[in-house]
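The same chain A turns up in both complexes below, where it pairs with chain B and then with chain C.
For the complex of A and B:
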C-alpha cells in the first residue's frame, strides 16, 4: 500500500497510527506492546465500557531524518486520549527506556483530555510518573519534545506533562491548558468563562496564544510534514536542563504573572506584548503569524 | 458488555502475506478491527466485544456477508466495538482485509 503523503495528511484529522506512519522515516517504526499483545485496561470492563487493544497509545521506536527516536502517540478519539493505568505505563516505560537507549529524542504526540476518570488513581499516578520520567530523561541529556495538534488538545495532567517537556510544537487547533473550558465554566460560571464561545477558548488556550506567550516553542500548520520539520528543528535546539534553566523558568513565569495577571482577555496580553493589531491574530496565516512572533521577545526563550 | 464469537469455513485463504493489521478506533459509532493471520487457511474466526447488548443476529449477518465477500481464510479477527452501525462494521472489515492483502 502506498504511504500517505505527509504534506497532505492533516494532523487534526489523522488517527494516532496515521500520524506515526506519516511522521517517521518510511518503514522505520517498530511498535512496543502492539495491539496483538492485547495489553488492555483491566478497569474499563468493570464500567461496561469498551477497551482498545493498545489502550489508546501507540509506543515504539523509529528514525526521524535518520536520527533514532523513541515515540509515543495518544489516540485522542479513544476516551478523549485520557491516561489510564496501561496507557500511562506504556508512556512511562518508553521514557525510562530512553535512559538506556539514549535516542536523539523522545517524541510525545500528545492528544489528551487528561486522566481517565474510571481509572482516576492509576491515571493520576501515571501523570506523576510520566513527569518524573521526562525530568530523568532530560537530566540524562535526552530532549523530550511534545507535539500538540489533535482534537482532544492537551488538557488536565497532559497540560502538566507538556510543561515538563524540553520543547513544544503546537498547531492552531492544538490547545494547551490544565482545566478545560467546560471545567472552568462548571466551577466558576459562564460569566467567568463561556465554554461555548469557541473564539474565546482558542484565544485563551489555542496554539497561537501559547506560542506568543512562550508556552510553546513552535507554531506549525496542521500537517504531518509541518510537525515533522518543527520536531527536527526543536531537537536541535533543546535547552540544557540544569538549575540555571529552572531558575530562569521560575523568573519567566513570575514576571509573566506580574505583567499580565490583571488582563481580562488574551487580546490585552497580546497588546502588551507589543502586537500592533491584536484582533487580527486569530485570522492570521502561518507566515504572517511567524512575522508577528519574531517581533515578540518573550515568545522565544531557553527557560523551561 | 457482550462477547460474540463466529467461526466460518472459507473456500480459500485470504491473499497476501501481511501477518497483522489494525484499522479503526474505538470511539462513538466506530470500532477497531485487529486482523491476525494465525489460523488454518480455510478457517476464519471473528470475536467481538461490544457495549451494545442484544444485536447478536445483526452481527452474525454482517460477519457472514463479509466472509462470503472477502473469503478471509486464515484470519483471526478481533473487534472492539464502540457502538458502530452495521455499514461502518462492514467498511472496517473490508478495510482490514485490504490491509492484509498487501
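For the complex of A and C:
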C-alpha cells in the first residue's frame, strides 16, 4: 500500500487558517472581522473558559480559480468548532452579504460539534439564522457549498446546516450527522449504538456512507487540493433552488425511510443499494470507491 | 516416620475429585464450560493460594466468572496471588467472601474500587508488587495451590497453545505444576493438534473450553491523531538530548503518548539527525503499533515482548527477523523474561508518570486510586546486580560518580521521566508531596507506593527542558533542577532563578534552544504516521486495528 503524499496538506490535520490559505488562490484572501478586532465571545468568561480572538471561525472573501467567492472556515480545535453568538453571527453576516455581493459561491468549511453548551440559546439561534440565510442566498442564485473533513466532523446544528447547502463535498474523515455517537449512546444505550466502536461510527456517519446514500455529492481525498477541485466542480453543478427541487428531495427522503428504515447496519443499506461487497467499502481506496459510487443511482440525488 | 508426600497426595486427591466433572474421554482432562463451577468447587479448598491469571492484557475470564459463582460456604478465605486485578470478578470474590487475602501487582481499571475495599477492610492485603517480584515469590513463599490460566487452544492431552499473548502463563505454570499444585486452563477451543506447544500437557491437569475467547485489552495502542505538538517537542528533546548523546541502542518505552511520539519521530526527525542504526535498535517492548514506521524504515533490529497487542498478530508473523516467533509463525511473548531483559539488558527506560516530587520520587497513585505497579519499577530502576558494560551505561556512570576510585566505577542505567508539567485536566505533575503518601497513611500501607524512587531517576524531560539529575551534586541542586523544568506549576514557580541559570550554564538544565531545537518546528507533520490508518498503510495492510481505533 502506498502512503499518502506527505507533501500534500492534509485537510484533517490543517487548522482553519491553513485550510483557507492553501485552498484559495494564493494571496487573495481578505478577512472580515479578523482576530485583530477581538470580537470574542461575551459568554465564555462567565464560565472561566478561554476565548479565541476570532471566536473559532474565519470569514472573508477571495477567489477560487479566479472566481470571486465568500468563504467561512470553522476551527474545529477551538471548542470543537461549536457555534456561539459571535461565531454564528460572523457566518450569518457572511451569508447575508452574499445577497449584495453576489459571489460565484459561498463556501463553508464546516468543522463543528454543533452548538456551544455555554451559550446554547445564542448558538441555537445562530443555527436557525444560518439556515435561513443559506436559503435566501440560494434563492438569490448563489450556490452554497459545504466542505466537510475536519476533526470535529459536522454534528448537531452543523448537520442541519449541511442539509440546507446546495452541494456537499466530504472526505473519509468527515462525518455528518445531527446526534453524535455519544449522544445516541447516552440516550439509547450502548446496545443500540456503541460510540467506542469507531468503525461503526464511520459506517453510520462517515464520508463514504453519506456519499453512497446521496447525502454528500462528492467524496474526496483528505487533501486541500482535492477539496479545492471538488468545490470548483460542485459550484458548476449546483441544483436549482425551486419548488420542484424541494418536492423531489422530500419524495426521496420519504422513499429512503421506506427502503432502508429496517436496516440495522449501514452495510445492509449498501447491499440494498446494489453494492456487491459491502464489507469492503470501509477499506476501499478513493479510486475504487468512485467506481462503486458510479454504479449506485441514489448517490446522485439531492436529498440529504 | 515422616510423610514426605503429603502435598503430592493432596494434589492427587484434588485431581481425582476434578476428574468426576470431565467429559470422561481420553484421560478426563477436558471439562465443559458449563461444569466450571463444579470443577472449581471440587479442586479448590478453603484457604488455598490461587493464581487467577490476569495481567494488564489477557484474562482467564471464563474461570474468573466460574470462581465468582462458587459457593462461599464451600470455597472461602482464598489467598489470591496474581499479576492483575482487572476484571470486576477479581474483586467480586472478595466481596462474596470467597477470597480474603491478596498479593498482586497491577490494578489499572479497578484502581478506584480496590482502594475503597482496602479502606473498608474487605481485602487483607499482603503487598503490591512489581511483576518480577510477584513472579519471584511464586517460587519462594507465594507458590499457588491452584493456577487458573488462559490459552488459545489445547489438545485433549492438555498441550497448550498460548499464542501471541503467552505473557505470564509459563511462569505461573512452572511454579504451580512443579510444586504439587493443580493447573486448570481455559482455552478458546479444543483442537486435534495445537499449532505449537507453549505448555506441555503433563503440566496441565484440566482444560476448559471457554464459552467465549479470552479477553485481551488493547493497552498499548496510541492513536497518532491524538498526539499534541507539546508531546512532539518533548520527543524531539529526548531524541536529541538523551538518545543521541548517550547512544542508546537497548531500551524500553512506557505506554504513554510521549514515548509513542518518539517512536513516530525516529524515521523522520531521527533520520534527519543521522541517528539511524546508532540508537533504538534493540528493544524490550510490547508490539506497539506506533513502532511500525520505525521497523519498516529499518531502524529496529529486534524486539522482545512482554505480551502481544490486539491487531498486531499478522504483522508480527510477517516480521520474524524482528520479533520472537515460534515454529508456527506467531509471536512468543513472555513477561518474566522480558521484564528481566528490561531490567538487566536495557540501558534506558523512559516513561511517564502522574506525580513527581522535589526529590524526583514519582507515583501514578492518586488519593482515590491504587493502580499498582506492573513492570515500571523494574524497568525504571538501576539494577545493582548488573555486571556487563556498555558505552551508554558507562557514560551515565561517569556523570554520576565524581568521588571514589575511578577503577571501581560502575555504570548507571538511564531512567527518564517524560512528563508534561500539567497533566490531564491541568492537574500539575510536579508536587511538593506525593498523594501516594496520603493514601498509604489512609489505608495503612507499611510501604508508600512509590513507582520510581528519586535515586533511580537520571533525567526528567518536560516541555520546558531536560533536567539531568546525574550531574547534580547535592540535594539542593537536584531540587532546583527539578523546579527548573517544572514550568508554571507551583513547584516550577518556586524555583531559585539564579540557581537554575547556574545549573543551565553547567548543562544540568537544558532548554530547547540549548539543544538547538526551535519549538515552532514541533509540528504534527513530523510524525511518520498521523493516524491509525497511516499505521495500517505503513504495515502494508498487515496491522488490523481494533474497531475502536478505526476512523474509517
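The criterion applied here is as follows: the second predicted complex is superposed on the first by the 294 of 304 C-alpha atoms of A that agree within 3 Å, B and C clash if a C-alpha of one lies under 4 Å from a C-alpha of the other, contacts with A are read in each partner's own complex, and residues count from 1 in each chain.
Criterion: a contact is a pair of C-beta atoms (placed from the backbone, for glycine too) under 8 Å apart; a residue touches a chain by one contact, two chains touch by 3 or more.
In this text, all values refer to a predicted model and were calculated from it rather than measured experimentally.
A.B. asks: May I ask you to decide whether A:17 touches chain B, chain C, both, or neither, giving the answer as first, second, both or neither?
C.D. replies: A:17: touches chain B, not chain C.
A.B. asks: Who wins on chain A residues touched, chain B or chain C?
C.D. replies: Result: the larger residue contact count on chain A belongs to C.
A.B. asks: Who does A:53 touch here: chain B (first), chain C (second), both, or neither?
C.D. replies: A:53 contacts chain B only, not chain C.
A.B. asks: Kindly classify A:36 by the partners it touches after superposition: chain B alone (first), chain C alone (second), both, or neither?
C.D. replies: First partner only, chain B.
A.B. asks: Which partner chains sit in contact with A:258 here, chain B, chain C, both or neither? Use first/second/both/neither.
C.D. replies: neither
A.B. asks: Classify the contacts of A:243 with the two partner chains as first (chain B alone), second (chain C alone), both, or neither.
C.D. replies: Touch partners of A:243: none, neither chain B nor chain C.
A.B. asks: If we overlay the two complexes on their shared chain A, which of chain B and chain C does A:45 touch? Say first, second, both or neither.
C.D. replies: A:45 sits against chain B, while chain C stays out of touch.
A.B. asks: With both complexes superposed on chain A, which partner does A:198 reach: first (chain B), second (chain C), both or neither?
C.D. replies: In the superposition, A:198 contacts chain C only.
A.B. asks: Can A:75 be said to touch chain B (first), chain C (second), both, or neither?
C.D. replies: A:75 contacts chain B only, not chain C.
A.B. asks: Both chain B and chain C contact which residues of chain A?
C.D. replies: Chain A residues touching both partners: 1.
A.B. asks: Write out the stretch or stretches of chain A touching chain C in their complex.
C.D. replies: The contact residues of chain A facing chain C are 1-4, 6, 10, 12-13, 151, 172-173, 196-200, 202, 206, 208, 282-283.
A.B. asks: Within their complex, state which residues of chain B touch chain A.
C.D. replies: 1, 20, 22, 25-27, 30, 32, 34, 36, 49-51, 78, 80-82, 98-99, 102
A.B. asks: Which of the residues in chain C come into contact with chain A in the complex?
C.D. replies: 225, 524-525, 530-531, 534, 536-538, 540-541, 547-552
A.B. asks: Would you mind writing out the residues of chain A in touch with chain B in their complex?
C.D. replies: It is residues 1, 15, 17, 34-36, 45, 48-53, 75, 77-78 of chain A that touch chain B.
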